[in-house]
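Order of writing sets the chain letters: A, B, C and D. Residues in each chain are counted from 1.
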Amino acid sequence: MQSRPMTTSETMLQGRMASARSFLVRNMVTIMFLVLSAVGYKLSGMTPFLFLMDIVARLSRNAFLVLALIIPVMAGMGLNFSIVLGAMAAQAIVIFVTHWGFAGLPGILLSMALVTPLAAILGYLTGSLFNRTKGQEMIAGLILGYFAQGIYELVFLQLVGGIIPMDNSTIIMSSGVGVRTTIDLTNGLKYGLDWPGQYWGNDLLLRPTLPWAIIGMAVALAVGIVIYQLRVDKRQRLGSTQLVLAGIGLAWACWWSVQQIQARTQINWIRVPLLTWLVIAGACVGLHFFSRTKLGQDMRSVGQDRHVAAVAGIDVNRVRIAAIILSMVMAAWGHIIFLQNIGTFSTYGSHEQVGLYSAAALLIGGATVARATIGHALLGTLLFHTLFIVAPAAGRQLFGDAQIGEYFRVFVAYGIIGITLAMHAWKQILQRRSVDQ
Amino acid sequence: MQDKSFLKDMDLARLIIAAFFILLCVAAIALRLDFAELITSSLARIGMWGVLVLAMLPAIVSGIGPNFGVSLGIVCGLLGGLTALELAYRLEGIVAFSPGMLFFIAMVFSLPFALLVGVGYGWLLNRVKGSEMMIATYVGFSIVSIMKLAWVFLPFKNPEMAWPIGRGVRVQIALANRGMAQLLNNFLAFRIGEVVVPTGLLLTVALAIFLMWLFLRSRTGMAMSTAGSNPRFAEASGITVNRQRIIGTVLSTVLGAVGILIYSQSYGFLQLYEGPMFMPFVAVAAVLIGGASVKKATISHVIIGTVLFLGIQVVAVPVANAFTAEWSSMGEISRKIIQNGVILYALTQAGGE
Amino acid sequence: MKRVLVLAVVFIMLLSVDVASANWKIGILTGTVTQNEEEYRMAEQMQAEFGADRIIIATYPDRFMQEQETTISNMLEMAADPDVKAIVMVQAVPGAAAAVDRVREFRPDILIVLGSPQEDPMVVASKGDIVLNTDDIGRGPQIAEQAYAMGAKVLVHYSFPRHMSVETLAKRRELMKAKAEELGMLFVDEDAPDPTSDAGVAGTQMFISEDVPRKIAQYGPETAVFGTNCAMQEPLIAQTIANGGIFPVQCCPSPYHALPAALGVEVPEDKKGNLDWILEAINGKVVEKGAAGKVATWPVPVNMMFMQAGTYYAVEWINGNITSKNDKAALVRIMEGIAGRSVNLTEYPDTDNYYLYLSDHVVFQ
Amino acid sequence: MAVEPVLRMKGISKSYYGTKVLDSVNLSIMPGEVHGIVGENGAGKSTLMNILFGMNVIHSTGGFEGSIEIAGQPVQIKSPLQAMALGIGMVHQEFMLLPNYSVTENIKLNREVLKPNLASRIFGPRLQSLDYDKMYADARKALKRLNIDIDEYATIAGLPVGYMQFTEIARELDKEHLRILVFDEPTAVLAESEAAHLLEAIKEIAAAGIAVLFITHRLNEIMEVCDNITVLRDGRHVVTKASKDTNVIELAELMVGRSMEFAGRKQHYSHKGRPILEIKQLTVDMPGERVRGVDLTAYEGEILGIGGLAGQGKIGIANGIMGLFPAAGDVKVAGTPLPLNNPSASIAAGLAFVSEDRRGVGLLLNSSIEVNIASGAMFGKKEFIKTWGPFSQVDQAAVRENAQKLIGELDIRCTGPRQLVRQLSGGNQQKVCIARALTMNPKILLVSEPTRGIDVGAKQLVLDTLRRLNEELGMTIVVTSSELAELRSICSRIAIITDGRVAGILKPDDSDVNFGLLMAGQPISKGA
C-alpha cells in the first residue's frame, strides 16, 4: 500500500505494465513451452520435414484420447485414470475384428460400433465404483487398472482359444490357448481411418498434402470465425486484438504453405489423415455442443459442488456415471484410432501408455484437475509431443552421447511436466493476487 | 498411539483387508505351505518398508499430501550408500570399517544431501500449494532420471560398484561383500519355532516410529500438524506455515534416505537407475490402504498400512501359486484379481466422503 | 500414392547417391545401460571401430513399454538421414515392429537387422530383413539337460503371465518341462509378480529372494532354478548360491549379465570388457562361495554378438561384399569370426530370416 | 372468506435413535401469510424443515409421525425433488450456489430452459440444448420481482454476500407453482441495510400470494415482517401467536423459557485508563473489508465497540492488527510500537484474537477441544510445553487441566475435552474460540462478530462472558460486530467505520439517529 498519490502518467504506465504482465502470466506456460521447443528444435538439428511428419502422426494418434479426459474433469471427478479400461476394451474388440478378417474403414467402423456397448458397460461399472469411493477416485482408478489387467489376462491368456473358441494361427499361440504377445494390424485395420482409400485401392483419397491441408484449415477457420462473430452474443465475441492476431497467423500459415508447394520441398510428402482429423474435429464440436446441453450443464453443476447440485434435485450419482461412460467410450474410440495408426500393438501392454501421458498432455495444455477445455487438450497434445519429438535428438546433440542424451531427455521431459504444473499453480496464485488488488 | 485411536482407525475397510490377510494365512496353512517361512518373510518385508512408509507421515501431516517425491530422499540415501562404499575402498588398508560402522557412515553421508534437497524441494512445494501431488510425482521421475547421469559420471572408483565393461556404477550393487547385507535383520535375530524374527530391523523401525511419535508431540510437531490441518488458523497463531511445510518435507526426505538404506541392507543390494522410480507408489499405497487420506494421517495408519499391504504382498503370491499349481500362469493372474479386488471392495466400503 | 511417394524418395536418393556413395552411415538403436550394459557398450565399440561419422547411436527409452512412440520417433529420425543405409536394433523391444513399418514407408531401401526381439516372432520376421535371437525353443530341452548334468533333481521355472504370452518363451517352458520329466526331474512351475504390474520391479525381486530359499528348503539342494525375466536374475543367483542350489543359466545368457553384480565381482579399471578375465573372476567367486559346479552360463555374450554381427553384416552389405539383404552363409561366417568357434544358425519355423542361435554352456568349477 | 391453508402439518413427531426431537408440533399457514418460526438451536426447527422437505436423513432414520397437507390434500413427501414439485421452496442458510456459474445459471440450476435438437431427438431429452436467451429473460424477471439490480450475466464468485442471497431467493421465485417459501436464517450474513431490503422483498413475495416460512434468530425482524409466529422449545410447540399480540421480550422469554434481560442495557463506563492500543493511519488490504486509514485509541479496561455496515472495513481493523492481512500504519500497544504483518509479534505483544471466520481461521475443526484451547498459548507463548534443551514435549496434563477449567467456566457443552470441535454447535465453538484467546492471557482481546450465526441463548452467554472478563479481570476488549444492539449492550464507546475510516465515536446511549447518520457516512449535525 502506498500512501503517496500517483501522477497520471505513472498510473498509465503501471496500467500498461500490469496488462503486459498479466498477459505474460496468463500465457507463461505456453510461452515457456514455445521457447523450449524452439531451442530444442534448434539444438536437435532436425529438418522441418522430419518434425512435421512426426508431429502430424502423433497429433492424429493422441488428440482423441486426450479429449476423452475432459468430461470427467467437467463432472468434478478429476483426471480419469480408468480410461485404461476403455483402452483394454478397444484392444479386445480389435483382436476379434482382426480375427474375423475385417480391414480398412469398414473394420474400423465395425470396431467402434462393437466397442461402444462394451465400453459403456465398463463405464457404468467404473462409475458405480467411483460413486462408492468419492474423494478416493485416484487410488481407486489406479487399483481398478491393476484389477482389470488381471481380468484381461485371464480372458485373453487362459480363456481365448480354450473356452472362447478362436482358431487363428497368427493371433493364437501355437499351444492353441492364449493370444500372442503382438498383434499385427498390417493388411487389416492399420491406417483404416487414416488412409481409408487404401482399402479401395486409391491411396490419395482423403489424404491431402500438409500444405494444402493447412490452407484448407486456415480457410475453414477464417470462415468459422466470421460465422462465430456474426452468430454469438456480443459479449462472447472475439476482441479486435485477437482478430488481428488470428488474421496474421492464418495469413502467415497460408503464405508459408504456398511457398512450400512452390518450392516442392519434402514437406509436400507429408500427408494429413484427413478423416482422422475430421473425426477429432467432430469430437471437439460434439464436446462443445455437449457442454451446452442439459446433461452437460448437469455435469458442470455436479463438478462444482456435489452437495448444491443434489439439493437442486440433480441425481449426482447418475450424472457422474454418465460422465465416466462417455469418457470410457471416447477413450475406447481414441485407442482404436491410436492402434490403427501405430499398426502393431502389444496385447498385454499397449493400454498402459494411455492414462499417464494423456493426463500429462492435458495438464500441460493448461488444464487443472478442476477445469479442462478442448483448447487445453489440443494445445497440450501439441506441446507435449513437440517436446517429446525434439528432446531425444536435442539431448543427443547436446551431449554427443546417445545414452546421456536419453537420460537427459527423460529428465527434461518429466522436469518440464513438473515445472509446467508448478507454473500453472504459481500462475493461479499470481492471478488471485492481482484480482485482489 | 493410544489403543483407542488405533482401534478407531481400524474402520470397516481396514477390517475387511485384515480379514483377507488372515484368510490368506489360513489358506497358506491349509495348503501346507511353509507358514513359518512366510511369516519370516512378512516380518522382513514389513521392516524393510516401515521407514519408507513412515516418510509419508510428516508430509501428509504438514499439509503437502502423500509425498510422491520421496524418491528424492531415496536417491540421497543411495548416494550416501555409494559414498560409504567408496570411502571403504579408498581407505582400504588404512582404516578397516566394520559393517555397522559403514552402515552408519552411509546414513551420515546421506543426511546432508537429504537436508539440502529437502529444503529446496520444500521451497518448491511452497510455490505450488494445491498441486503438490502431481508435481511431486514428476519431480520424482525427473530426479531419478538426472541421477542416472550421476551414476554414470560420478567419480567412483570402487571396483565392486563398477560395470564389467564401461564407465559408471552398475545397476545393482551387492552389499554382502562388505558384510552390510541383512546387517540389521541379523542383529539380535532369534527364532520362535521356525520363524526368524529380524529383531534389529524391527527395532530400528520401532525406534523411528517412536521418534516420530515424540516429534509429533513436540512444539514443532504440533505446529507442523496445525499448519497442515488449517493453514489460516496456524498463521493466526503465529506459526509460519511455509516453514512448517519445509520441515515436513525435509523430514520426509530424510526418512526416505534412511528408509532406502534400511531397505537395501535387507534386500542385500543397492538398486540404482530405475530402482527408485516406483518405490514412492508402494509407500503411498500402503499408507492410504492403512486408512490415511491425502489430508490426514496418523502413526496407526502407517503401521496398519505397512502390515496389511506388505504382508498381503508376501503371502498372496505363494498362496495363489499353490492354489493353481496345475494351471500355468493362473497364480499371478488370480493374485492380481483377488488382491486388487479386495482392496477395491474395501475402498467402496469406506463409502467415500 | 504410397508407391509414388516411395519412387520419389528413391529418385531423390539416387540423385544424391553419386556424391554420397562413400558417405554411408549405420544407425544403431539400443537400450541404455539401465536395461543392460552389454548392448550399449558394444554400440560404443562399433562407433570406435568405424568412427563416429559412420555409426550413429540412439537409444530407446528405459520405459519402452510406455513410450513406444519415442522408439518410433528415434528410428524415424535415423532413417530421415539419407546417408543411413542400415539400422541395427538390439534389443528389438516392443515398438520395433511399428517403427520399422514407419521407416519402410519412406525408406524401403534400408537394411534392418533386429536382435533379441521381444515381439511375436512371426510379426518381427515380417518386418526386419534379418532377425537374430537365441534359440529359445532349443534352449528348453537344453536347459533341462544342463540342469540334469549339474546334478539337479528338481527344476523350478519362474515366470509370469505376460511372458507366457510370448510364443517362444511359452514353448520353451513346455519343451523344458517335457525334457525334465523325461529325465526324471520334477518340474515346478512358479508365478512371480510381473515387474510391470502393481508389484513393480522391487516386488518381483523381493518375491524371488524370498521364494528361492523356500523352494530349496522344500526340495533340497538338488534344485535348479530358472527365471525368464532379466530383473529376476540378481536375486535368483544370489539366493541360489547362498542356499546351495543350482543355477544352470540366465534368461539372456552372457557372463556379463547379472553374474558380476550378484556375486559382487570387483572389476578393476584395466580389466573392463575383458571377457576371459571376467569368466575367471566369476569362477573365482563361485568357488569361493562353495558353489563350484553349480553355476553355469554361455561363454558368449549373445546380445553383444548380435549387435556386432549385425553391424559387420551391414558394413559388408553397404560395401557390396554381400549383395542380398538376407544372406545366411555370410551371416554365419561373420558370427563365427566374432565367436571364435563354430556357429550353428537355424531358422524359426515358417520363416527364412529369423535366425536362432544356440551355444554350449560353460560351468564354473 | 374460507381460504384453505396452503400448508398444514399436524401432530408431527420425530425421534432420532430414541431421542425425541419433535413432539406433536402443529403448523398451519395461509397463502400470502408470513409465518415466523423461532427457537433456540436444537429446538427442532431444522428437523421440522427437513421433514417438510422430505430430506433423506428423515427417512433413513425411520420416518416421522403425523401428517402433512398441502392445500388440503394429504401428501407423502419422500424427497426434496417431490417437495419442489409440490411448490415448496427453500432459501438455505448456507448458500446453495455454484461460484463459477453466472447468476442466471444459478437461478436456473437444474431447471434450465431447454430446446430440442437433432441429438436429443435420437438420444433422449437429456441432450436438449440450453436456451440461454430464455434463461436470461427469466432470471431478469425473477430479479425484478425482488426489486434489485443484479447483472444476470455476472459470475457468482466475487459478488457481495447480499447479492448471493438475493440470487438464491430469485431462484425460488422463478419456480412456477411456488406456493410455500422457507427462509432459513436469511439475514445472518447480511448487513443491516441489506437485511432491510430483504424484509421488504419478503413482504412483496407474500403479497403475491405465496406463503412464507421465516426462521431467524433476530427477533426484531420477526416482529417486523411476520403475521404469525410459532415458538418451538425442546421439540415442543410452545405457542403460535399473531405478531401484533406479542413483543420481543415475550418471544425471547417463550423461546428460552426464562425471562431475560435483553438489549438496551445501559453501560456507563466513565472511567478512562491510559491508552493501551493506539492506532494511527492504519490501512489494511483485506478483500471486501478494506481499511483506508483508521485512527483509533482503546483505553485500558474498556470495551471498545467497532460497528458499521458490511464491507466498510470494520472487520479489517482487527485482522490487520493481528497480521492476518497486509497492513500499514502505526500501531502501539501499551506505548510500544507493534511490528505489522507479523502474527507472532502481535501475539507476543499481548493481543489475542477471536476471528469472525470461526470455521476458517478460528478453529482446528478436526482437533479436540483441548488442543484448540491450548494451541494459541502453545505456539504464541510456548506454554504447555516441557523443554529439555532442543527437545520439547507437549504437557498433556496441563493441556487437559486447562481445558477442563475453561469448559467449566464458559459452560462449553461437550462430552469432554477430547471431543472434536467439529461436532460442537456454533455457540459452543465460539466459546472454544474465546477459551483459546483467554488461555493466552492477553492484555487486549480483539473479538470479531462474536455472535454471528449462534442462537439467542448462546448469544447472551457469549456477551455476558465478555462483560464478565472485562469487569472481573479488567481486560481491555475490542469488539467488532455488525449488530449494533449487541455493541450497545456491552460497550463503553462505539466507533463507527464507514468507507474504511472512523466516521465517529459514540456512546452506547447516543440516539439511533446519530448511529444511523454515521453509518450512512454523514456527519452529525450539531444539536441533532
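By definition in this document, contacts are C-beta pairs under 8 Å (C-beta built on N, C-alpha and C of every residue); 3 or more make two chains touch, one makes a residue touch a chain.
Everything numeric here is computed off the predicted structure, so don't read it as measured data.
> Counting C-beta pairs in contact, which comes out ahead: B-D or A-B?
Between A-B and B-D, the larger count of C-beta pairs in contact belongs to A-B.
> How many angstrom between the C-alpha centroids of chain C and chain A?
Each chain's C-alpha centroid was found; their separation is 35 Å.
> What's the distance between the Cα centroids of chain B and chain D, rounded to whole Å?
The separation of the two C-alpha centroids amounts to 47 Å.
> Using the average of all C-alpha atoms in each chain as its centre, how far is it in Å between chain B and chain C?
34
> Would you give the residues of chain D that are in contact with at least 2 other chains, written as numbers and ranges?
In chain D, nothing touches at least two other chains.
> Could you say which residues in chain C touch two or more other chains, in rising order?
Chain C, residues with two or more chain partners: 32-33, 40, 62, 161, 164, 197-198.
> Tell me, which residues of chain A touch at least two other chains?
Answer for chain A, listing residues that touch two or more other chains: 143, 146, 149, 153, 157, 403, 407, 410.
> Per the touch rule above, enumerate the chain pairs that touch, sorted by label.
A-B, A-C, A-D, B-C, B-D
> Can you tell me which positions in chain B touch chain C when the two form their complex?
That would be residues 34, 37, 41, 44-45, 48, 148, 152, 157-160, 162-166, 168, 170-174, 176-177, 267-269, 271, 273-275, 278-279, 281-282, 313-314, 317-318, 320-321, 325, 328-333, 335-336, 340 of chain B.
> Report the residues of chain A in contact with chain D in the complex, numbered from low to high.
1, 3, 233, 235, 289-290, 292-295, 297-298, 300-301, 304-305, 307-309, 311-314, 436-437
> In the complex of these two chains, what residues of chain C are touching chain B?
That would be residues 32-34, 37-38, 40-41, 44, 62-63, 159-161, 164, 173, 189-194, 197-203, 205-207, 209-211, 213-214, 217-218, 234-235, 238, 256, 260-269, 272-273, 278 of chain C.
> What part of chain B is in contact with chain A in the complex they form?
Residue positions touching the partner: 124, 127-131, 134-135, 137-139, 141-142, 145-146, 148-149, 152, 285, 288, 293, 327, 329-330, 333-337, 340-341, 343-344, 347-348, 350-353.
> Tell me, which parts of chain C touch chain A in their complex?
1-3, 5, 8-9, 30, 32-33, 40, 43, 57-59, 61-62, 65-70, 72-74, 76-77, 80, 94, 97-98, 101-102, 106, 118-120, 122-124, 126, 161-162, 164-167, 170-171, 174, 196-198
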